[in-house]
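In what follows, chain A forms one complex with chain B and a second complex with chain C.
Up next is the complex of A and B:
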């Protein structure tokens, strides 16, 4: 069977687009100090930064799932006054420069913040400069990716299945857990992957809200940025490590989903 | 810059447009300065004109903006544009071929990156010095008067990360005072450390005297004797591939002149 060729009008920009995305990576690989790579990877602090990154990005994704999926459902399935405004508000963290997002978080959850002052005086909890603060910063920046993906999946899903479930006597919660969620599972998974990846690469809000302390709040992007101050090659090594680990994790998850499907 | 990795879809569009505009304006600048340099050379060899691009450390933002205006007034026909950023980022950009005419660094180490790569024209000259002070919120609620005060239990301190100039200076000063401080955060630059104090998230930070002076409405600066052992020198140099070399040389000479020195010392810098 002959394969149909893609029209040039699509193929050319597609290839250009791919090159545009991949060439910077080629640049990193080209400049990577391959001969000293093993000893650089075993330098102290690198593994703790990597562990912290993976841990916080995963917890942030779980937080986003717990809060974001219901919010996406609300936006897609319930019509209420001001829904358009709420939908626009959800994208605020996307538009806000992350550093400003970090300052905004400080103004709310900081020691003198709207909620933070109360948390501090009542429970003795301070969030800035803690690992929990890293999770909050990452979740704030990454949640819109999950919400937008899940809302899109919900709007694309055939609502007749939910109606059928309702006519058969299922309540809204049962319908949600037994019909809606399985229906949009791929969308939720895609959203979670985007959300996790965004959380993993988060820099601006994290360093502003949670600060930078090795082992506690210094995630890989922060370590990369500071390495860049003194040693370009160390920064490249750290970036590649983060990239390889995240791609490996995502690829293995994808295989798992596909084989189980 | 890490922010470019952080930008959203919408912001990415903005940055693409900005990048296009920048490229367009840079190429325009390039041909402009080439033309003016050619005509200038035929008319009078000493005339300085055209655009001058100065890459300067972020801590120079206030004083260099003023100096740029003064320079333009003294040399009609010139326009000085600044790119203010961290010295290490600027050094990397210059070594990657950014069209800078002048580089003013906040630390000799970042200048060395540029001179080692052979991208400096001549020897860098130190034009100012800056030293550390302790900044505390207005009223000094924790009553911190010495470096040892930073080591008290219950005092939250922000320092610059040891990789950046203000962090290296802070380490030196703390060593000289024989004080061990465990900060709650190691900030990426001096302004970030300062903002943690102005926002009230920490009780004290070590920043440059100029930064404390610029934020005098929100914070108090506390001088301490050990800062003398951690004085930071600011070198300036003409970039080797400067698109406007005559302009660059004139600007460097102006920064080393008395009127510019006054602007800098008024901002809290010390004369070298």
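Up next is the complex of A and C:
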């Protein structure tokens, strides 16, 4: 068999595309202040931003799982009037510029917002410019990723397994927890990872809704942006750290699935 | 007709298709629901299980009305004492064989340890005691079928539904599994409905047959009655008979296109005439003598059929004929050939329509 060459019209843009995606990362590695890296990494501001980022992204992912998986199930398994509209609404945060999302969140959860005012007067809870606000901003932006992945997995899973469970005496909730969820577990995990990665990188909605308070709402992306204005090397160090941590976590999760699947 | 553990009139409207079938099954009885593809067999099974809503009719199991739309009675599938073996088994892929079987008892309130012990017993009964830890994808087709049967029986259903239980198996496995299945069905104290399009499954496994076509029951009875007196072309083909419908007069049944078949049975009015393909003799020249049905025919297709050849004959009487390979060679049979076909009147069987 003769090896077939890819046509140049496809090969050239494909290689350019790869370079376009990889070169910025190479640039980051190239410009990194390797000699002073250890002491820079231990600066207190960096670690607290990293901790805050990991914490809020993880909580946001949990929030998305608790709310998003049932919503995906509803979209995939229950036919109700307006389902197509609901599906379109769910994906709005995907196409909405995050800053606009942040403004919208302020209008609803802000001190004078639709729900925020009531939360403030009734429970004394204020969400904007708090760590909880960071979680809300991240969840708002990241949830569509989870819903789309889980809904796709549910549509791909054979609903007749659920019928088989019913004939064995399982009600809808038991069927969901004992049959449906295990069947779509890989899809849920993939959705959760996408969701987590998106939450970790969230910038626009966070800075609009939660502000930029070190130790409280200043996540890694915000810290990178801030550092860029004063200290390029600090920005590089922060970026590198964010890159390494997210790649490491994603890679370890990926290995876990492949070995268990 | 028996008193019946199950009494169901299943009416399901789905677009242009309408199922309307009345089924009764006694305790311990195995009823085969036989029919061509698209006849509504699986719809009937799903309606009984509660997976398909009834348009009208009722499902009564023992004393309990499970489903009766005009009285607004409906029992969801999980609360019906009905077990189902699905055509492709639908064993839960994430659970071991043992846990698949234990799933039903667990949902019926049996605690985990006892459910697993019961599941182990069931595995042993279907001869798979040592395969409990295997996942469904590590089981062969025949093994998966047995696990599916054990899973359905483990909830002690009053009614067991089997949807083409052997269709997914290869010929050799099917033979063994059929024998196994027969044994387990004989032990099942409740009623059993077996949906199949394979007449052999129906004849071997069932006490009684119900044939449905286009959503309606066309014939029912025990195997002997159905095979001896088919009432539709489909049933005739299933049991391997040539079947004609016509108007009976003295010792003859006049078919719609004018040909009269001589018969020995006394019938009058609308009647069926049936004869076996092996009763049809083929000659190259017109045969003489004896009270025979003789007609000129054209050879259509020729196929192997067991040890013989099955020849399709076109002509005033469309018929299948079985001839031995030497006879076929002597006649030099080939498609398109003009031949004479003959059937003795004593080889025909005529009965009222």
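Following the convention adopted for this analysis, the second predicted complex is superposed on the first by the 236 of 261 C-alpha atoms of A that agree within 3 Å, B and C clash if a C-alpha of one lies under 4 Å from a C-alpha of the other, contacts with A are read in each partner's own complex, and residues count from 1 in each chain.
Throughout what follows, contacts are C-beta pairs under 8 Å (C-beta built on N, C-alpha and C of every residue); 3 or more make two chains touch, one makes a residue touch a chain.
Computed from a prediction, not measured in an experiment: that's the story for all the values here.
In the superposition on chain A, A:182 makes contact with chain C only, while chain B stays out of contact range.
In the superposition on chain A, contact of A:56 is made with neither chain B nor chain C. Once the two complexes are laid over each other on the shared chain, residue contacts for A:166 go to chain C alone; chain B is not touched.
Legend: residue contacts after superposition of the two complexes on their common chain; A:174 is shown touching chain C, with no touch to chain B. Counted by residues of chain A touched, the larger count belongs to B, out of chain B and chain C. Listed in rising order, the residues of chain A touching chain C in the complex are 158, 160-161, 163-171, 174, 178-179, 182-183, 185. Every residue of chain B that touches chain A in the complex is listed here, in rising order: 2-3, 5-11, 86, 88-89, 92, 156, 158, 161, 163-164, 183-188, 192, 195-196, 199-201.
Those residues of chain A that touch chain B in the complex are listed here as 91, 94-95, 97-99, 103, 106-107, 110-112, 128-129, 141, 201-205, 207-208, 210-214, 217-218, 221-222, 224-230, 232. Of all the residues in chain C, the ones that touch chain A in their complex are 49-51, 76-80, 82-84, 86, 90, 92-94, 103-104, 107-108, 151-152, 155.
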